[in-house]
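Listed after this line are the structures, all set down as structure tokens.
In the two complexes that follow, chain A is the common piece, with chain B as its partner first and chain C second.
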Partner chain A sequence: MALEMSSSVQGVKALLTLSGELDGSSAPAVRETVDRLLSSSPSHLVLSVEKLSFMASAGLRILIFAKQKQPSLKIYFVKPQETVVETLKKTGFYQGVYITDSENIDEAAG
Partner chain B sequence: MNRTDMETRIDYYPTHEHDGYRFRRGHTLPFGATIVPNGVNFSVFSSSATSCTLALFRRHEPEPFVEIDFPPEFRIGDVYSMIVFDLDYEELEYGYRFDGPFDPDAGHRFDRTKIVMDPYARVVGGRDVWREQPDWTNLYPHRSRLAFDDFDWEGDRPIETPIQDLVIYEMHVRGFTAQPLARVSAPGTFAAIREKIPYLKEIGVNCIELLPIFEFDEWENSRRHPDTGELLLNYWGYSTLGFFAPKAGYAATGRFGMQVDELKTLIKELHQNGIEVILDVVFNHTAEGDHRGPTISFRGIDNRTYYMLTPGGYYYNFSGCGNTLNCNHPVVRNMVLDCLRYWAAEYHVDGFRFDLASILGRDQNGAPLSNPPLLESLAYDPVLSKCKLIAEAWDAGGMYQVGSFPAYGRWAEWNGKYRDTIRKFIKGDLGLVGEIATRIQGSPDLYYYRGPTASINFITCHDGFTLWDLVSYNGKHNEANGEYNNDGSNDNESWNCGWEGESADPAVHALRMRQVKNALAILLLSRGVPMILMGDEIGRTQYGNNNSYCLDNEISWMDWGLENRNAELLRFTSLMVRFRRAHSTLRKNWFYEHRDRVGSGKPDISFHGTEVWRPDFSPGSRTLAFLLCGKHGEPPHGDIYVAMNTYWDGLPFRLPDAGGGNVWKVAVNTSMPSPQDIYELPDAPRLENQDEVIVGGRSVVVLVSDRA
Partner chain C sequence: MQERTFPGTLDALEPIRKFVSEAAEAAGMDRSAIYNLCLAVDEIATNVVLHGYEEAGLSGEMSVSAAVGPENLVIRLLDHGKPYDPNYHDTPSGDDLSRPLEEREIGGLGILLALDGVDDLQYEVTDRGNEHRFFVQLKKSSR
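Right, the complex of A and B next:
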């Protein structure tokens, strides 16, 4: 299944909605988008991933890339599917990100 | 010069192009594939090839998307290196084609039709999910891939626990949690071990030793059981494909190629819980087998360098597995060093146990070396200087070096003599009391100049009976292996306690339980470094199978149902481990001196029998007692009196005076039913008769001196 993606910047929040499968072939486009979003120096990167069914190594490494570019960046996963959460947990990426059910990340962060 | 020019140096610019792929001369070192600015540096050694081609694949695709010949000027010495630009790191798989002579008599087995794996591959694709049926038509089944260095270790590094303080738990990654009763989210994986860290802490072990986790092929020599049809696999994994790559099938995320991250996450979390990680490493042979085996990597790259060959070009077989890695060839030696340094530095591994390590002390013709350069290099390596190095000090070619392994003051050994002596003593054999006295002191007869920490004390390991089977079977029962019970050792020193196999007889069961406790008690009271086999703390059985190398099923797996059913054994083991931790005299890295070194009025150790000061070392003896002076401990603690009786009836042991107004309290009495078999120290009851203790038949009693 192909990846669909949309993004926007709202103040200090960069929003990225992903649905479908984030694998090696779709990762470069996501990485470019994240790179572009980071150019506005947001403090929060909010990933809406409710409809993302699969996230490969390439996808997770985009998060590392984002952290490397901007160490203070807070990364949120909104409504991730269980498979995505499991991958995050088992590979240790879990602690670098916040998992939330709410689009309103100010509440989630509290 | 403008700003952009200053920021963008041009060290890495392509000079060549092939099929649209741009490349340039690479760096000879490091070997393997290394990510460099804008590209990947490939470097590989072959002393006898006439040419080399780099083959690049997109993940899982059957054919390479490009093959690039190394131009002659890219070879320096025997090393081919090249940087290829603009590759997709995540999706890349690579291999090599080597051209050269096929002349087995001269040791050459080049085959240009084959694509071979990089010996330095950090990740190997192709067996991404355990037991998933491979595509047998794949022209390049085991594929080199790239690894990334971006893991966040959060300040972790190897723990460096003093070796004398270790209690090692030997376990199989898959077998530990494969059973559904393990109740983990991804059975049989690195991630699942993380979920079981609380269990490891309950036992109290502070080190796990993992059976091989370097990439291997569970399908190697796979077959069906001739009678049952059960699929038999290479379950143990003592057959390495890639020395630098973790086993993908042991990672829940292996299907995503994230085994590196998952394993590092496990090690980091174990370290956060004070648990070290030792890897069982197999450098004596590879998965390529003998001349009938597949060409996967070494054989097609430089057969004559990597393997020990007979003058006629056949494979020496000191490993019992078809071939023998030529470890004392300088190139191979460097590969072994590079490999171990990589695991120590990149994975924070705390130590290594070397399978059939005596092979590492043979020269290129197989003859034993008096000063083997590989073993010496490992002992003095700067990166490995704090790593535990443990040898299995024998090989399948007849070298048996327990006590004489070239140690350089660094190497410890699996003490096979400890195992055999304790087994025989526990089952009641005669003539062993003198040797038992030596073994519980850390085997000074073997390691006088090396200290007791050279001795890894064990009674059971993956290879042989489990502890429960040691007291339940007189003979092996390996029918499930499909070799008509011809495989596995016949030399088990086991005793079935009166009935062969599972028994509903309460008396048989009680005796087995006691014998298991006797073994665990003696193991954890001995100087040296104790090692417990996975499941022995809960009485795991393999139904008499003493060689479950091919069984990926309930026979080999940890049975988590026993955690409740044999809760008393778990409690006993866990309290014994804590007893050891609480008494520093048990864990010193020097030998007892049989004299009073601290002015306590007692020697550090003294031996006794049923009468004080009269140990019975006669050939007919089945008793031994010893007294450890706690003032010789750092920190000091109460004295410890241990009485062992392998006679079938109870015997009275006269006691030395507890001294200083203290009294004897009962810490352990294996003849008592749980929970009176072992006490937490503050709860240890005062011994009624302070002059004498009755030690039940086939029992161990441990007393501690304490204020009245």
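Right, the complex of A and C next:
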């Protein structure tokens, strides 16, 4: 299943919805989109990933890229699938991101 | 044993995962084990394409085969790029894994997930090419 994405910026919050499979083939386009979203210096990057069924290390490298570009950035994973959470845990990324059930992160996690 | 040949490009990753996933499902593996195996093969195949072929200025194919035995499933990935042994590649240490994301190295994460995703990952340069062998033990209860 190919990767589909859509993005928007709402104030200080950049929202990126990813569905399908994020691998080495689809990662460059995602990285480009993240780069573009960060140009407005949002404080929150909200990744809506309920329908993201696969994420390879290429996805993790995008998170590193985003944090290196903007160290104060808070990265949220909204409704990640269990397999994606496992990958975040195995690689130590779990502590560096916020996992939440709602895109409305002001209420969910602040 | 089933075998299929794919081009040595990133476009092949998705069909390779599908091939591996179908073989793992036929072998009776559970969903989580199937995902981890697909991730392991995907990470290695990505390295083969990027480092074994593209970076080395080479092009070629990748052959993937699946063989089910009484106790395990073995996936073989054969390529003809620059040899690259995942077992001798640096993977992040425990200290590295607890660093803030902005201080993390981008290398080694794929190998870490590949080694973690299977029971054994062997590598050998043979006269047929570079061969990665992914072993997954099959649980009796799931057969």
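To be clear about the criterion, the second predicted complex is superposed on the first by the 109 of 110 C-alpha atoms of A that agree within 3 Å, B and C clash if a C-alpha of one lies under 4 Å from a C-alpha of the other, contacts with A are read in each partner's own complex, and residues count from 1 in each chain.
FYI, contacts are C-beta pairs under 8 Å (C-beta built on N, C-alpha and C of every residue); 3 or more make two chains touch, one makes a residue touch a chain.
Everything quoted here is computed from the prediction, not taken from an experiment.
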Figure out whether A:21 sits in contact with chain B (first) or chain C (second), or with both, or with neither. second
Partner chain(s) touched by A:56 [first = chain B, second = chain C, both, neither]: both
Between chain B and chain C, which makes contact with more of the residues in chain A? C
Given the touch rule stated above, what does A:2 touch, chain B (first), chain C (second), both, or neither? second
Contact-wise, after the overlay, does A:90 reach chain B, chain C, both or neither (first, second, both, neither)? both
Partner chain(s) touched by A:71 [first = chain B, second = chain C, both, neither]: second
Common ground on chain A, meaning residues reached by chain C in one complex and by chain B in the other: 24-25, 56-58, 60-61, 64, 68, 86-87, 90-93, 96
In the complex of these two chains, what residues of chain A are touching chain B? 24-25, 27-28, 56-58, 60-61, 64, 68, 86-87, 89-93, 96
What residues on chain A touch chain C, complex-wise? 1-2, 21, 23-25, 54, 56-58, 60-61, 63-65, 67-68, 71, 75, 82-83, 86-87, 90-93, 95-97
Once bound in the complex, which stretches of chain B touch chain A? 59, 88, 90-91, 148, 150-152, 185-186, 189-191, 251-253, 256-258, 261-262, 264-265, 268
Write out the stretch or stretches of chain C touching chain A in their complex. 10-11, 13-14, 17, 32, 35-36, 38-39, 42-43, 46, 49-50, 92, 96-102, 104, 106, 109-110, 112-113, 116
